[in-house]
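Two complexes come next, and they have one chain in common, subunit A, joined by subunit B in the first and subunit C in the second.
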Partner chain A sequence: MHTQRKEIHYMDNNKMLLGVYDNPDATFDVTKSLVEKGYDVYDVYTPFAVHNLDRVIGVKRSRLSTAAFVFGMTGLVSAVTLQSYTSYFDWPMLIGGKPFLHIPTYIPITFELSILFTAFGMVGCFFIVNKMFWGRNTNVIDLRVTDDRFVIAVNIHQGKTDVNELSSILTKGGALEVRERINEL
Partner chain B sequence: MGHTTAIQLREEKFVYTDKAKRLSFILMGLGLLLALIGYFTYHPSIEGLTEEQLHHLPIKRLLGSLLFNVYFFFLIATLAIIFIVISQLANAGWYVAVRRVFEAMSEFMPIGAITVFVVVFLSLIVFHGGIYHWAHDGVMESDPLLAKKTWYLNKPFFLIRLAAFTGFWVWAASMIRKYSRQEDQLSTGLTDTRFFDKSYNLSALFMIVFGFTFSMFVWDITMSVDAHWYSTIFTVYNFATGWASAMTVAYLITWYLRKNGYMVGIVTDEHMHDLGKWVFAISMFWTYMWTAQFILIWYANIPEEVAYYEPRMYGSYQFSFFINLVLNFVIPFFMFMKRGAKRNPNIGAIVGTCILIGHWNDVYLMIMPGAMNLATAVTDHNPVGIIEVPSQGVGLMEIGFLSLFAGLFLYIVMKGLTKANLYPTKHPYILESVQHDTGI
Partner chain C sequence: MSYESPLREPLVTGGKTYADVTRDILRPMENKASKGWWIGFTISAIVLGIWIAASTYTFLTGLGVWGLNKTVGWAFDITNFVFWVGIGHAGTLISAVLLLFRQKWRMSINRSAEAMTIFAVLCAASFILSHMGRPWVAYWPIPLPNAFGTLWVNFNSPLVWDVFAISTYFSVSLVFWYIGLIPDIATTRDRATGFRKTIYNFFSMGWNGSTRTWHRYEMIALILAGISTPLVFSVHSIVSMDFATSLVPGWHTTIFPPYFVAGAIFSGFGMVLTLLVIGRVVLKQEEYITLGHLDAMCRVVMLTGTMVGLAYITEFFVAAYSGVEYEQYAFINRATGPYWWSYWIMMGCNLIAPQVFWTKWARSTPWFIFIMSIIVNIGMWFERFVIIVTSLHRDFLPSSWTMYTPTIIEFMILLGSFGLFFTLYFLFIRFLPTINMAEVKSIIPTHSHDKHADHAHAEKGDTLHG
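Up next is the complex of A and B:
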């Protein structure tokens, strides 16, 4: 919320330089110095959460929670509609002498459906936003980030980014490996 | 990770100004005055009741409103120390910066316990029953529903266990406070865990004892007001009521301290966010317990259980019953869900006030309806021997005692804050707490 996301230029160039690290502190320090020097850090991939890294690269707060609220309310309305329609409007049911519109009895199902809608909605949203569908292989930046390596990905802008200097910053920070890659994520 | 700038731990003391003190004294004096006016101007006239029966009502209402108000604040103080105990046992780090706020809140426990005991003693012994139906002369013997409970529900045992339970809690709370304060004085540094360990061990014992004794305490103080009715979840429900109120009070006091320029750089918006999450979470927990208790009784529809809800839901307490859900569930749910709301002192103050009024009303609903009922002979037409008295509303007595105990509570908590540094400077987890971050 507090930080502005930098604009990412996909169009003018789609090459990235990757620095691979084995240490969260080194990754953090290098990322910080790159951001301070004005490089366009595309993203940093880590096997676990590194505190404050998200603030340094200016990750915006996810809007997934808003979506979750909307899904939850949808579930709530659906549940109340379903139950009141079936057991009061369409076919009044007498259960143990209770009122036909027995709202307290609706609570458990309303609660469950709100949660169900929220959970399914959030998972669905997550898949759509990350373009994960059946039959599509995820394009991982570097397979080793799923195990024990840290990767800093920096966009290269033709004519603007000094690749040699960038590469030396990455190496001096303790990179095990620096390589180029096409941004097709 | 060492990415944050150097942290300055200071020996910070709270200054209790005369202006703030005056507010507490005004609340106390005004409250006592209102309660007395309320008592002496209360001349009920209810259709169907004889002059002799009406004569019992003023003292019942006085004792009832006295009890539910002091019970409310005693729960807040107790659950404040229980929060520390739980956090300590869970090895939590984030809460350490606000720990002294909870410790100060628990300072109310001794006076709260004594007042609860005195009110119960007055009810049982001096007024031969008072607000407790079962304690009226001859009720336990003649009432077939209660006769089998005599081994548990009798005056000496009641008073002895009340004194024993609250006495142990007060002692354990004072020891936990003492260890924490000693740590500031005697600890050699952040790696010295002597006082942490002592506190940890006592917390484990306290937690176990509290789990059992709190159940019985709640059965005694609140559930036995309606001695014919019982609910196995009632203890957890009371626990949630007290806990939600305690977290709200702690949240509001922490905002107050921060607004007045204390704990700068130590307690941040991140801590407020997590305290706010607690307020929100425990409010939802309360709702869960409320629903669980209500819905089982609604489904089963057993007369002796429904008798508890009938006057509350359809009778003269209807407004209190429904406003309870609005204040304790609807308002925190919709107003306090957003991340920004928990970090905003203005929204926090509105929601916090609603929750506190809501839980005060909740405790009112637990005690007052049963407390006002009159005892009569058990007959075939009236097998429980109770004459139900319609709601007398929230009047000067209820408000007066609220004001009295709110003033007293504030005075003791603020006084408690001055007794030590505003945050433990040598707690092993203080640096972790100061760096606490809830993320983006």
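Up next is the complex of A and C:
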């Protein structure tokens, strides 16, 4: 275990205990009791979004909504700037006697560009914070986790974590299997 | 994880487990393509060939090969464009608007409806390109500095708004679709081997099902739905402004935006029904796309068809009430002029025919729904034809009144666009999961055969279940 792994997260060593479940309710209940008992739940891997599980393991509310707003405003400002610069400052054209700076006709494009910037900016941020990119190889914690299994990953802190008790909580909660894994995530 | 009242009809029938969902949905992708798929794909590809041939001929020869004349300058091309754009509205409507309303029945149909959206918008865009006649200068509506030999575009023009609206709609729909696909691509990846695994691994972007990722995923899905909802409405409103901001009698109407949006939902659901009534049988997905889903969609079709019909009648009233002679003549000419048959096809297919969905039998008989969905498609195509051609062919100057007859080339391009659409659709059902597995799994009641079933709905967190 002395090879330097760059992605070691907040833990004393890099071992985790995994409990594999086939039921989201059991997964939720066990996770909640583990958190309440003070275990360091690293993450829970599920085939679909299990609601409230994020709150239980203490995931902070994502700031992606703020990012979306900022990008939306950027789109709005860009659209207004583009349209007023081109049709008023740069090259005014008289078309049907309409005013050069004609705010109401800018509304549709301003709206569309706000949406466009929001969508692409926010999704871009989503990929960045999740470190997702095309061609990324991931080390899935359990291949079945994208099918029908739910995995609770608990960090083991040497000397602090009572592995036997942890293992028995996981088993009693209905785990199909409990195993150790070296964290490479 | 989900609890539904036992009184409600389940959204997914057949007592599926999570593994069943994965297996059922991936079956068409993981096995060899069936004979039916090859037949369908080959026919579509041949029809796509017709599209390529007819478009190429048009581009090489010029728009003179179409039946346009100086009075009717927009006809088949714009009819087909609006027809396809309208169809392209159901996908985002289903996934975005129904997500905001928490309509869980959307989950079995949103993936294929979104795919349909994207392919339909591509077909629509192809008509804009061919309508321009010179597709190599298709970048001119984009605001580029005049070093390109053009001035800036005219931002007062709804045609420029349309460029922005359609391209935004296409790209945002594509992003929304892809975001929804990522967890399912990961599922496919984890079951695949060899070359397929490499490809799905590439597009899965390293998805690992972490709760942190799901948290962010749910948030962006909600925000994307929130921004896509006004986007859907804006796009067809802007398409309608291509007509409504003009001065042509019959186009110069303030009710166009809501009327077009209702028509878009109507035709979009019509096309979704056409595809899914067949698709659910061929892909063996009757337990996911149940009669309940068909029933719900038929109700939407009936409601929006009636709204569209109301708009037709309102137009007549407003024309009569306005006292504007030209406006009045335009509408009398629609219903009784040389193109009367297209008007009555439109009325019959869009307002009268969908009324059969008041009966439970009509809403629950798949073969009948299929026929109705074709009728809706035909009706909505004629709606655009009526609006465009009958308004143009007799306008202010009787000396320029004329008739419009489409040429064989225009028919070939219309037919060919269906080839483009279905070729893409067949590729989609072969290579991507047609139902959003991750979402469908979330609405399956924690499975009944499971040994934890008795605890499934116990109060959370108070005890550990042994």
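The rule is short, and it goes like this: the second predicted complex is superposed on the first by the 171 of 185 C-alpha atoms of A that agree within 3 Å, B and C clash if a C-alpha of one lies under 4 Å from a C-alpha of the other, contacts with A are read in each partner's own complex, and residues count from 1 in each chain.
Here is the rule we go by: a contact is a pair of C-beta atoms (placed from the backbone, for glycine too) under 8 Å apart; a residue touches a chain by one contact, two chains touch by 3 or more.
None of these values were measured; they are calculated from a predicted model.
> Name the contact category of A:F127: first (subunit B only), second (subunit C only), both, or neither.
Only subunit C is touched by A:F127; subunit B is not.
> Between subunit B and subunit C, whom does A:P108 touch in the aligned arrangement: first, second, both, or neither?
Both subunit B and subunit C are touched by A:P108.
> Please indicate which partner A:A26 is in contact with in the superposed arrangement: first for subunit B, second for subunit C, both, or neither.
second
> Can A:V59 be said to touch subunit B (first), subunit C (second), both, or neither?
After superposing on A, A:V59 lies in contact with both subunit B and subunit C.
> Thinking of the overlay built on chain A, is A:L76 touched by subunit B (first), by subunit C (second), by both, or by neither?
neither
> Where does A:W91 make contact in the superposed view: on subunit B (first), on subunit C (second), on both, or on neither?
In the superposed model, A:W91 contacts subunit C only, not subunit B.
> Is it subunit B or subunit C that touches the larger share of residues in subunit A?
After superposing on chain A, more of subunit A is contacted by C.
> Looking at subunit A, which of its residues have contacts with both subunit B and subunit C?
24-25, 28, 50-51, 54, 59, 62, 65, 96, 98, 105, 108
> Residues of subunit B touching subunit A in their complex?
The touching residues are 1-4, 291, 294-295, 298-299, 301, 337, 339-340, 437, 439-440.
> Can you check the complex and tell me which residues of subunit A touch subunit B?
Interface residues on subunit A, with respect to subunit B: 1, 24-25, 28, 50-52, 54-55, 59-62, 65, 69, 96-98, 104-105, 107-108.
> Touching subunit C in the complex: which residues of subunit A?
22-26, 28-30, 32-33, 36, 43-51, 53-54, 57, 59, 62, 64-65, 68, 72, 82-83, 86-87, 90-91, 93, 95-96, 98, 102, 105-106, 108-109, 111-113, 115-116, 118-120, 122-123, 126-127, 129-141, 143-148, 169, 172-174, 185
> Given the complex with subunit A, which residues does subunit C contribute to the contact?
Residues in contact with subunit A: 1, 17-19, 22, 143, 146, 151-156, 158, 160-161, 164-165, 168, 171-172, 175-176, 179, 182-183, 186-187, 189-191, 201-220, 223-224, 227-228, 230-231, 234, 238, 241, 437-439, 441-442, 446-447, 450-452, 455-458, 460-461, 463-466.
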